[in-house]
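In structure tokens below, several structures.
Note that chain A is present in both complexes that follow, paired respectively with chain B and with chain C.
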Partner chain A sequence: MSINYLLLTRFLLILVVIGSAFIVGGIIIALCGGNALLAFYWLFQGAFTPMLIPETLVRATPLLLISEGLVVAFSARMWNIGAEGQFYMGGISAAIFCIIFKYFTIPMQPIALLLAGLSGALWALAPSILKVRYGINEIITTLMLNYIAMYFVSYLLQGPFRDPVSMFPETESIPLHLQIPVVVGGTRLHLGVVFSFFVIVPVTYYFLERTNYGLRIKILGSSSRVAQYSKIHCDKVMIQSMLISGFLAGLAGGIEVLAVQHKMRLELSPSYCQYGYTGIAVALLSYLNPILTMFISIFIGGLINGSMTMHRMASIPVGMANIIQSLIIVFILIGYYVEDKLSWRILERLRRK
Partner chain B sequence: MEDSGEVEEEMNDVVFGLIYSSISLATPILLVSIIELIVEKGGVLNLSIEGSMLIGAFSAFMVAYYTDNLIYASITAAFSGLLLCLLFAFLTIALALDQMVTGIALNLLALGVTSYLYRASFGWYVSPIPPHIEKTIATLEIPVLSKIPLIGELLFNHIPHTYIAFIMVFICWFLFKTDLGLKIRAIGEDPEIAEALGINVNVLRYILLLVEGAIAGISGSLLSIAYYNMFLDNMTSGRGYVAIALIILARWNPLLLLPAVYFFNFVDVLQLRIQASGLAWFPYQFSLMLPYLFTILALFIMGRRVRGPSSLAKPYKKLR
Partner chain C sequence: MIVVELRNITKIYPGGIVANNNVNFDLKKGEIHVLLGENGAGKTTLMKIMSGCLTPNKGSIIVNGRNVFFKSSMDALKHGIGMVHQNFTLIPTMTALENIKLGLMDKKIKVDDLVRDVENIFSKLSFPRIDLNSPVYMLSTGEKQKIEITRLLLRGVKVLILDEPTSMLCGFEADKFLDLLRLLTLEGCSVVFTTHKIREAMKVSDRITVMKNGRVITTLKREDVKSEDDLVKLMIGEKIEMKTVKHEVQFDGTPLLLVRNLVVADDQGVVKVKNISLELHRGEILGIAGVEGNGQKELVEAIIGFKKPLSGELIINGDLRYIPSERELGVAQSLSVLVNSIIRSLNDMDFKGKWGTINMSGVKKFSEEIISFMNMNIPSLNMLVKHLSGGNIVRLIVGREILKTREILIAEQPTAGLDVRSAYLVRRNLIELASRGVGILLVSSDLDEIMELSDRIAVIRNGEIVKVFSRNEADPKLIGAYMLE
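What follows is the complex of A and B.
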């Protein structure tokens, strides 16, 4: 029975947390002379009306893939901050592959996606080797590689692979037969969404919770000394966990290019929701639990879409999206703190009895 | 013969400009990285300095725009940077939340708040010429020293903050020789033992973070009211993160921080010059990459197996 109480308090806490984030956001809007109620009406309209739920899922997909990867890396205590760069490298290599092979009318999406994942993994390889071989802090190297990837992609988009017809730095459109098909007509809900939610999530869960290998990652993450005693090859596991996270981030980039944008653009990860950085928050907020990650990325995806609707319909500047996102993250963290305190108190009471 | 003389003079000018601006533009990162170094020695990894700098840049610009008073602007910048760090301190010390996530979240908050308020006060479509202020922080010539030929102009003709930053490096170095410095190191290495020895870990960390917030706010304000005369979205563009990288590069040693910061800025200024010189065959994106590439390279050469303070970024919970 006590477990049910815990679940109930957890659920109530989540409601309180989200409610208080919105109250603070509303106060900010009201202080700037906006109509907070109207703004939030549009926020929910944009996020969770039945019509727009496919859009929310489409938005959540890159977040989900990136954060699933980060869950693996963070479980092994590899702080990969470079998902943003890995995402971009995946996107650009998928786009380049499709442009080079655009005259082959056979479906080659899997190869393009594999290539995207591999280039993401490649972008994560250097920091992990530097970390394992030379003990160089991976937070810094992955962060620096984000900037390098951005500038590299910007070079490719303004130089060799720029669409000569377009006004913007972007590649030419990917031909229809190389795009990832849409599943439900009239929406943008594509096969990649289905794949991520129904294949990647269970596989990650199974991998981390049920296999020997996942256990090794977890032992390594809990304490490297224990890992050494239990004869786990720390270096190998660390590098592999980083490669998995790079692969998934690259895959996310490839799917975003082939299914949503249909071309590589500089704003593949727009400034109001930088997938790579938001993914870090999603992974950590879900307590590194692959299933919880799914729900949190759907929620954050809806929030991003909703704040865009809010921006269009209630003319609230885009910055509000960032504000609400950050408030939610902070309040979820506070929620965990309160939950921790509460469960500790419950334990104390049980002990006294 | 005359031609070669002219070329030589031009070369001298270029080299002079290069060194002068790398000293001058290094100030914000230097200021922030020194105080962040002290805070990290105290066991707190504060990523939100990026956000503090951004908020400082924004609020300083706003005050300077409406009052034309740069002193008020600097004070506001310090205060608003302090507010964000106070929030960070509350969340990570009082509630013992994860320092990295909190830092990232607060940076997102700062990015949102500044771009939101900027649009809310100047309108959604900013005219081709963004709003700008008339005067910026002036350079302060040090009376006698600046008259020394070449060196005087190079070293003693900067904004006041540059001298302060330079002096702070040595104060910081000296700090760790004192009692207070020992206490800071103690709470960064093992807060439980420090607490047992009678140091109030949380109060000391609060004080450090508040000072850091004020300094980060001021150093961010240099971007909008000293180097440029306007505010741009995400103006700090990762300078706070770079500061944290440079601390690792300097192995948490204040004296090594000085060459690390100036080295990074020299490469940064160099890449700006490469861009400006218009070498057509060299894409500007590659020169933009240079500072980041060089940081990784420098870490590879000098930063192997560096160990930071033991309790860095670990939430400290008092025994209940």
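What follows is the complex of A and C.
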């Protein structure tokens, strides 16, 4: 059927987009006097050798959660650029909760994570209300709130919640019984990874594709006037899609703290990852498809990890991975255009048959 | 003397659709040549080739006896050939004057000179005044069209191609527009215009070329055409019984729709509906006739709840369905046909599953019902609406609304953009709905359609209902007089 052709085109285009980014990235490496092939060899080694796959999945998990949320928000045309801040707010709330209640020996991770999600959602609430009430561009407000979140967290980590015995601005470690357990011994592959891949992904997919509510979001995303015509409460849907996205970003922060870092640090989203921003690229590259998002986050997660191996083994700066990521975004935009042209041609050819 | 000749033109779109198959066409100096054909007959493609927007796969273009090749519409303009597209190419946020200036070769022309030139053309063609400094989106369709024509004339166009120029104009505007064409030929222009309306072809033309399925069937002199039926036969191959049978309506019980002293303003705050009162009864088709822009849009927007009236009473006794004239409003472009069949029925129990899910089998069944009802030919239900042809989008919207109508239907231009056969099907179904007790408010700029279907005809002018005709007293001339007076 025609739709399969279209999906195939889309899939091939994603490969072309990624491939083109690598080719241009390779040219840049070569121009700087590096060996591009060697660099990419180590990049893939660092990302996808069987031994390192769990690490790639761990890296992909925050990306996945954030981008699933962004897929929801973007589907409603709410351009949430504030996942980074929501991620930090989630992380700090989970950490603070665990520190305050560290002497309770009952497993309270779900509460901590819920709190993390709610903090992220809260951080997304103000921009969405400003947008709905006063028409203030959410791109700017969410982006600005990232800095506020960062400095707020920084204040908490330097001040009231600083671990007195640590040299760094970070909280004390979360006791073992409040951490999220590892599922495969000898790796960092934790329960949060499993939860994200096997619960959040299908739920998001089902939510967007098969529920009345998801349909409303998508109609709104198609055109707000059509949504109005379909008797959808646009304001409500806009705010809610934003809250879902904030919730998932906050949840990602909570999971990262409870399962990977075991404390809140200022580098919860290190400069070479920037989960909140990279998540935008993941969501866009996956054409707002919750299933595709899963594969793209694994790929980008691998890219981030691989870049460090590349750095060690081929002496190519870690920043190269950022360049490739940025190139991917540029090629995505070209890809959108090409896809539109191609799908017309394919449909016409099929119609002809 | 022949100005432009298209010889053996074949155009195959990427993907293999043969839009023009070995077509010959010529245009004589100072004539009005009508290109007649149904939607999809290949008229627009041929005209786009003539104006340089498309390049043909085979064939040649001869301008004033010389073989030419158009790489783009710029090349065609240099040869004095310009086209007004069906979807205008004006930039909505810029003013009319800025838009005119955009198309000019001479960028340094002084504003005063330009205004003088424009007004010169306006007076020659006896256009009404248009505020040149208002942004284009605030202009009416007719005004936009005039700006487009002025723009081309200022660029020295001698061969004017008009693609479906009357499709967005209502009866009287269209008639006036046809008169304008004569004026243009007096100014030394040669005009080609495409249409699927036989009446227009008969009204103003020197020659008529009929196209069907990408081929030219024949080219006739206007004098040689005896009756409209001849053209119908050529156009669609066989004759379709166009007349629909009417039933009787009983005016009893409470009206389905009661509008009393309604006042509605448009987006700019200008009062467009002034004190309108209406009643729509069970089994009645109430036609709203009027020149576009006289408050029909705002009246309908208030009824469907899109716009809050400033004052007045609005009582709706029943479930209301709506066919918007603005088709983009009826479909979510980036979603599938499947989903689009239910976007107006999100709370319909047929499509709801447990826990807020969608009942996909119910949705699928309904989509298939629409498709077979409207004879749509599409490869898959999962196809995105933006990939559908314009006609299929109209079929989807109209089919969906007709099938879901139980009590009240507000039908705006229900057959605009449909081919003869589908339009007939829609009209027959509107009558069928009415005979089952549905009340239909029919808002159309096609007076023939209103005359054919309505039990009562309310004429709207300048935001007021100036006259209500019953079926028996309705007379097109009289209605027309009320519309314009």
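Throughout what follows, the second predicted complex is superposed on the first by the 319 of 353 C-alpha atoms of A that agree within 3 Å, B and C clash if a C-alpha of one lies under 4 Å from a C-alpha of the other, contacts with A are read in each partner's own complex, and residues count from 1 in each chain.
Operating definition for what follows: a residue touches a chain if its C-beta (ideal position, glycine included) is under 8 Å from a C-beta of that chain, and two chains touch if they have at least 3 such contacts.
If you're wondering where the values come from, they're calculated on a predicted model, not measured in any experiment.
When the shared chain is aligned, no partner comes close enough to touch A:105: not chain B, not chain C.
Within the superposed three-chain model, A:344 lies in touch with chain B and with chain C [touch as defined at top].
By the touch criterion stated above, A:215 is placed in contact with chain C alone, chain B being left untouched. Of the two partners chain B and chain C, more residues of chain A are touched by B. In the overlay built on the shared chain, the residue A:229 is in contact with chain C alone; chain B does not reach it.
By the touch criterion defined above, A:35 lies against neither chain B nor chain C after alignment on the C-alpha atoms of chain A. Of the two partner chains placed by the overlay, neither chain B nor chain C lies in contact with A:49.
Put simply, chain A uses residues 344 to touch chain B in one complex and chain C in the other.
Chain C makes touch with chain A in their complex at residues 13-17, 305-306, 322, 324, 328-335, 339, 342-344, 346-347, 352, 355-358, 360, 379-380, 382-383, 387.
Across the interface of their complex, chain C is touched by residues 1-3, 206, 210-213, 215-216, 218-219, 221-223, 225-226, 228-232, 343-352 of chain A. By the touch rule above, chain A contacts chain B in their complex via residues 28, 32-33, 79, 130, 134-137, 140-141, 143-145, 147-148, 151-152, 154-155, 158-159, 271, 277, 280-281, 284-285, 315, 317-327, 329-330, 333-334, 336-337, 344.
Remark: chain B residues 91, 95-98, 100-102, 104-109, 111-120, 124, 233-234, 238, 241, 244-245, 248, 283, 285-286, 288-289, 292-293, 295-296, 299-300, 303-306, 320 touch chain A in the complex.
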